[in-house]
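Each structure below appears as structure tokens.
Each of the two complexes below includes subunit A, the first together with subunit B, the second together with subunit C.
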Partner chain A sequence: MTPTALRRLVALLAGAAALTAADAASAYTVYVSNERGNSITVIDSTTLEAKQTVKIGRRPRGITMSPDGKVLFLCASDDHAVLAIDPATLKVMRKLKSGPDPELFALHPSGNPLYIANEDDNQVTVLDVEQNKVVAQVPVGTEPEGMAVSPDGATLVATSETTSMAHFIDTKTNKIFANVLVDARPRFAEFSKDGKRLWVSAEVGGTVSVIDPETRKIIHKVTFQIPGVSKEAIQPVGVRLTKDGKTAFVALGPANRVAVVNAETFEVQKYLLVGQRVWQLAFTPDEKLLFTTNGNSNDVSVIDVQDLKVVKSIKVGGAPWGVVVSPQ
Partner chain B sequence: MSLSWRLDWPGPGWPRLLLAAACAVLLGAAGGVGTALAQQPGGGAPQSAEAVQTPAPVELRLGLLTREVPPPPLYDLLAVPADDAVAGAELAIKDNNTTGQFTGQSYALEPVTLAEDEDAGEAARKLADGGIKLLVVNLPAADLLKVDDAVKGKGVTLFNIGATDDALRAEQCRADVFHVAPSRAMLADALMQFLAMKRWTKLFLIVGPNPADQLYADALRKSAKKFGLKIVADKPWTFGPLGRDRSDSITRSDALVFSRGVDADVLVVADEANDFGNYIPFRTFEPRLVVGTQGLTAGTWHPAQDAWGSAQLQNRFLRATGRPMRATDYQAWLAVRMVGEAATRAKTADPVALAKFMRSPDFSLAAFKGVPVSVRPWDQQVRQPLLIAQPLGIVSVAPEEGFLHQRTPLDTLGMDERESKCRLN
Partner chain C sequence: MIRSLAAASAQVSLLWVAAVLSAGPLAAQPKSDPDWPCPQRRTPEIDLAQVWSGPDPASAGKWTDDQDAASLAVKLASRRTPAKEFGPLLDGFVKEAGAEADKGLLRVMAGVYEIINDQRSKIIHGIVRYAHGQQRLTDRIREEADELSKAQTSITAPETAESRKLDEQLNWDTRIFDERAKSLIYVCETPVLLEQRAFDIGQQIQSRLKAKGG
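Moving on to the complex of A and B:
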């Protein structure tokens, strides 16, 4: 080996080491619930490899994590329970009361309570996760699914799929104080970090309504057009907003694409081709990567948020549904 | 049109006691939670949910006309349940009422089951005179027309969930009738698209003796032509109801060799009464697939359907009735949901305004089919995907990929505006 070549190699190795060190600082763990696989797949955000897939619960769908990253919550729909899982061992620590058929939930920013959509019973269950106690059951529209808590914790929004409304619930009183009619089959709700905007997707309506939570008025309806994809195949489900409130990512279901939307002008900037029937999305905390669950191709696509490119697809379990990334 | 509006809480019709109890539990048990929720400005939560005057809910009453099912033979595997259609409508009433709690609308169903020889027109007139302006009709075409004549001028809108006759959407079309049931043309097109997609292009058509079978066979012949399939043989079924007479059914040798020597890809059966179609599969001379009214069928609903959230609807129905949801139940459900959706979106309970809205291009609803269903303005047929299914499984969904239409692929099923003999728009 010539000295030049050796120097090059050393430089390369040093660079690789630096790269690894930089990445190690942002190594997150990604958890994917597999609805038909009855399992969770664990992905390393650095290597982008699936580390393991573990059988857990029946029909796992909604998945989220406590703010401290110590508890993984999972809706085990057919067990009619929410499972509190140790993220390190993936062992079920506690089985929590969820009300029947829990589909999706949202955790209060303080880490308690958990607000659970009971899809078959037209209600939202408010669960004190520490005491495993049902605090309230709030009747909502038919087939509640989308759940979001405002960043200040004061407002819970539940969307009901057949009623097609976003129900605004006061978290102090657990009472509905407003209902906003959106397009058909609202599946997901997401607040902007400043709490000033609420994005609600309508799967069958094919739109995303951007609502002012203070006036409860729809200020814009985002629509999507993809050349070569029929209008009917464009079915928005999961929505994620960057912390700066400038960009929204919208999963478009059987259109097999994630739309990148300018959250200020509401214009679609780009459509990213991902796996089949993309439903839910999750950022890494540093917002460098976005993970998508593709239910029909049984994989997860990884989007580079800066470059707006799909960098990898990772095989997971059967019919991946939800995804959450550890906060550390 | 702005689609957002606010309704004050507690809304009409709410179980207030339950709420009070829930709040008491909250106050008693979750002080810790409450204190964590300091109210911040601009958070969107109101200071209080003050109850302003809540008007009594507006009631929407829907009628449903159906006819008693004749008593079944000794044992009928395919017996029509006594609450066919009614159970579907009742589920939709429940769904509508859940939404109605937020919109100040309540829904009620008045089902009327006619005796075998009872006059449908008379019953419809009675319902109309009793204030029913929205009437779901699960009856054959002749009865549907009788009903429509009987309520003429009474401001009644009909929802046809039982008659697939193409004539009702053509020369006999009426402005006050919405067709929720698919037409025979739609059913035939759905199957033919599937066969064309599979390139199973040589068809052997077997036609039953009933007038309905002739109508379905006509639709199949037209559809085969439309999608470039070839009918290589077209024969009447002359061996009687062998498929139904199961108890002492014998294998008839003439029926067994009936299909012999015809070079066809599939046998297409027209047997709406279920008399003989189920006799054919596996009894053919050559190995042949069977499609049509038996074997692989097209329809609005199927017990095996679970995509697009329909597992929820299937479960709700199964829990309420203890039986799977039939296509007629689904069509009844859809008719009542159309009324509910129109009332929610148009914010009215006025039957005339509702019918007008349902005709408009602004109207569509989610119906567990993956895409919104809506109404064709020229003949008031509900455009909808159709399920292609074998007895215990979904095989495909029409319209098939690649069948395109300038308006929506759904309009590749059934009579398109240009060829329609009905002009209601």
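Moving on to the complex of A and C:
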């Protein structure tokens, strides 16, 4: 090999390495909790393939990640614990106190504390994840489930399924300061990034209430009609808003569709057929892709957010429930 | 002792069923419908649009008039056909049908949907009857336990022919109740499995249509 050829080759290799690095920057890892599989499935966001499925905890449901991407938190409902997992090795690092039957939780934007909904005993457990210490237990309505913390960290919202309320909790005092009645069986709450809107889905009511957190008034109720699908099958659960606050995605349960809603006019733009009994959703940080967990078809659908098309279905474990994407 | 055990066991069984009914993994509806013992939500029918977003299958005419489409629909809908055979069966059909494949596929979908929905409705009715049967049995077990405690005035009271008969009946009913309650989990899964099947077939048919719709 001539020196010139060698130099070219080195340059080429360096270029290839740079390319790989660029790719790696936008490659995220997707973690899916499988309620019946008692496992987590790991998906690569570039290849859109399931890399591995690992048995972990009993009846895993809610799943989230620390802002630095170093800890994966998982509600192991039948273990009555929250598991702190190393995302790289998928080994349980610590078993945290959660109160009974944890279902869903929300992490404070600073990464601590963790607010856990205890479905069975009608309270929210506030857990210091550093010290594994229960800071407070806040009594709320019957069967709390949906949890969201405002982007400024000042307000926690917990929805209670049977009481049909969104409870507003002051995170300094850990006391309820307001309640908003929504439609039957609220399942999920999501703040807009600017904190000016709160979206609360009602599974049995079939609506999503858009609330002004400042006045705590319902500004609008989003309703859904899908030709050929009965009203009963339209059960809104997971809600995700784009960072610009312009678009909302709503998982509609056994309607097997995700609704794309214009978050400014509240009009439904499109219904995307995904898998069966779609419940939870998660964006990649660049918001190019949205992942949906389909509990009855045991798969995850991948939506191209720009094109509003379902690009892939990925088989995961039994009854996928929650999904989270790594921040890096 | 045996008698009190049977009564206690009846109590435990009722508690066990209550626990199963309230804590199914997919519990997602208020648990107040006495006709519906399953944790899954009761949906009397699968809506076509739940499993299909392609063109209206009815646009291709009656599926029962197309012999090939109808026999494939029956085969696909049958639970004896494993899911991994859906693809090859449909590919074979498309090849045979040639230019008319799209219309044929729509008729297959219409058939699959109708057959599976019909099977599913029968199962749903069966589950309701089952729930009623269990309710009647629950009432009877309660009465039997009451009668037994009346017949047996104290724990040390000697066993009589009547109390022995009551005891046997109670034991027997409790056992039936238990067995049925245990199979409930599987019974409740059946409508879901049929939905999965309809959805899977729907997606496979849709992916083979030349003219995409919906």
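The rule we apply is simple: the second predicted complex is superposed on the first by the 304 of 328 C-alpha atoms of A that agree within 3 Å, B and C clash if a C-alpha of one lies under 4 Å from a C-alpha of the other, contacts with A are read in each partner's own complex, and residues count from 1 in each chain.
We adopt the following convention: a contact is a pair of C-beta atoms (placed from the backbone, for glycine too) under 8 Å apart; a residue touches a chain by one contact, two chains touch by 3 or more.
This is a predicted model, so every value here is computed, not measured.
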Practice prompt. Could you check whether subunit B and subunit C clash or fit when both are placed on subunit A?
Written response: clash
Worksheet item: After lining up the shared chain so the two structures overlap, which partner does A:204 touch, if you call subunit B first and subunit C second: first, second, both or neither?
Response: both
Discussion item. For the overlaid complexes, name the partner, subunit B or subunit C, with more touching residues on subunit A.
Written reply: B
Discussion item. Applying the document's definition of touch, where does A:230 land relative to subunit B and subunit C: first, second, both, or neither?
Written reply: both
Worksheet item: Thinking of the overlay built on chain A, is A:255 touched by subunit B (first), by subunit C (second), by both, or by neither?
Response: second
Worksheet item: Touch check for A:319: first (subunit B), second (subunit C), both, or neither?
Response: second
Discussion item. Tell me the contact category for A:124 with respect to subunit B and subunit C: first, second, both or neither.
Written reply: neither
Practice prompt. Examine A:276 and indicate which partner it touches, taking first as subunit B and second as subunit C; both and neither are also allowed.
Written response: second
Discussion item. A:138 in the overlay: touching subunit B, subunit C, both, or neither? Say first, second, both or neither.
Written reply: first
Practice prompt. For A:43, select first, second, both or neither according to whether it touches subunit B, subunit C, the two together, or no partner.
Written response: neither
Practice prompt. Determine, under the contact definition given at the top, whether A:35 touches first (subunit B), second (subunit C), both, or neither.
Written response: second
Response to the item:
Only subunit C stretch among 38-46, 56-64 or 92-100 with CA clashes against subunit B is 38-46
Worksheet item: Hey, what residues of subunit A end up touching subunit B and subunit C alike?
Response: 162, 185, 203-204, 230, 232, 235, 254
Worksheet item: Mind pulling up the subunit B residues that touch subunit A in the complex?
Response: 2-11, 14-15, 18-19, 22-23, 25-26, 29-30, 32-34, 36-40, 42-46, 49, 95, 98-99, 101-103, 309, 312, 315-316, 337, 341, 344-345, 364-366, 370-372, 408-410
Worksheet, complete the sentence: Within the complex, subunit A is touched by subunit C residues 25-26, 28-30, 41, 43, 45, 47-51, 53, 192, 195-196, 199-200, 214
Worksheet item: Can you name the residues of subunit A that touch subunit C in the complex?
Response: 35-36, 59, 162, 185, 203-204, 226-230, 232-233, 235, 253-256, 273, 275-277, 295-297, 319
Worksheet item: Considering the complex alone, what residue numbers of subunit A touch subunit B?
Response: 108, 110, 112-113, 119-120, 122, 126, 128, 131, 133-139, 141-143, 150, 152-155, 160-165, 167-168, 170-185, 195-196, 203-205, 209, 211, 213-214, 216-218, 230-232, 235, 254
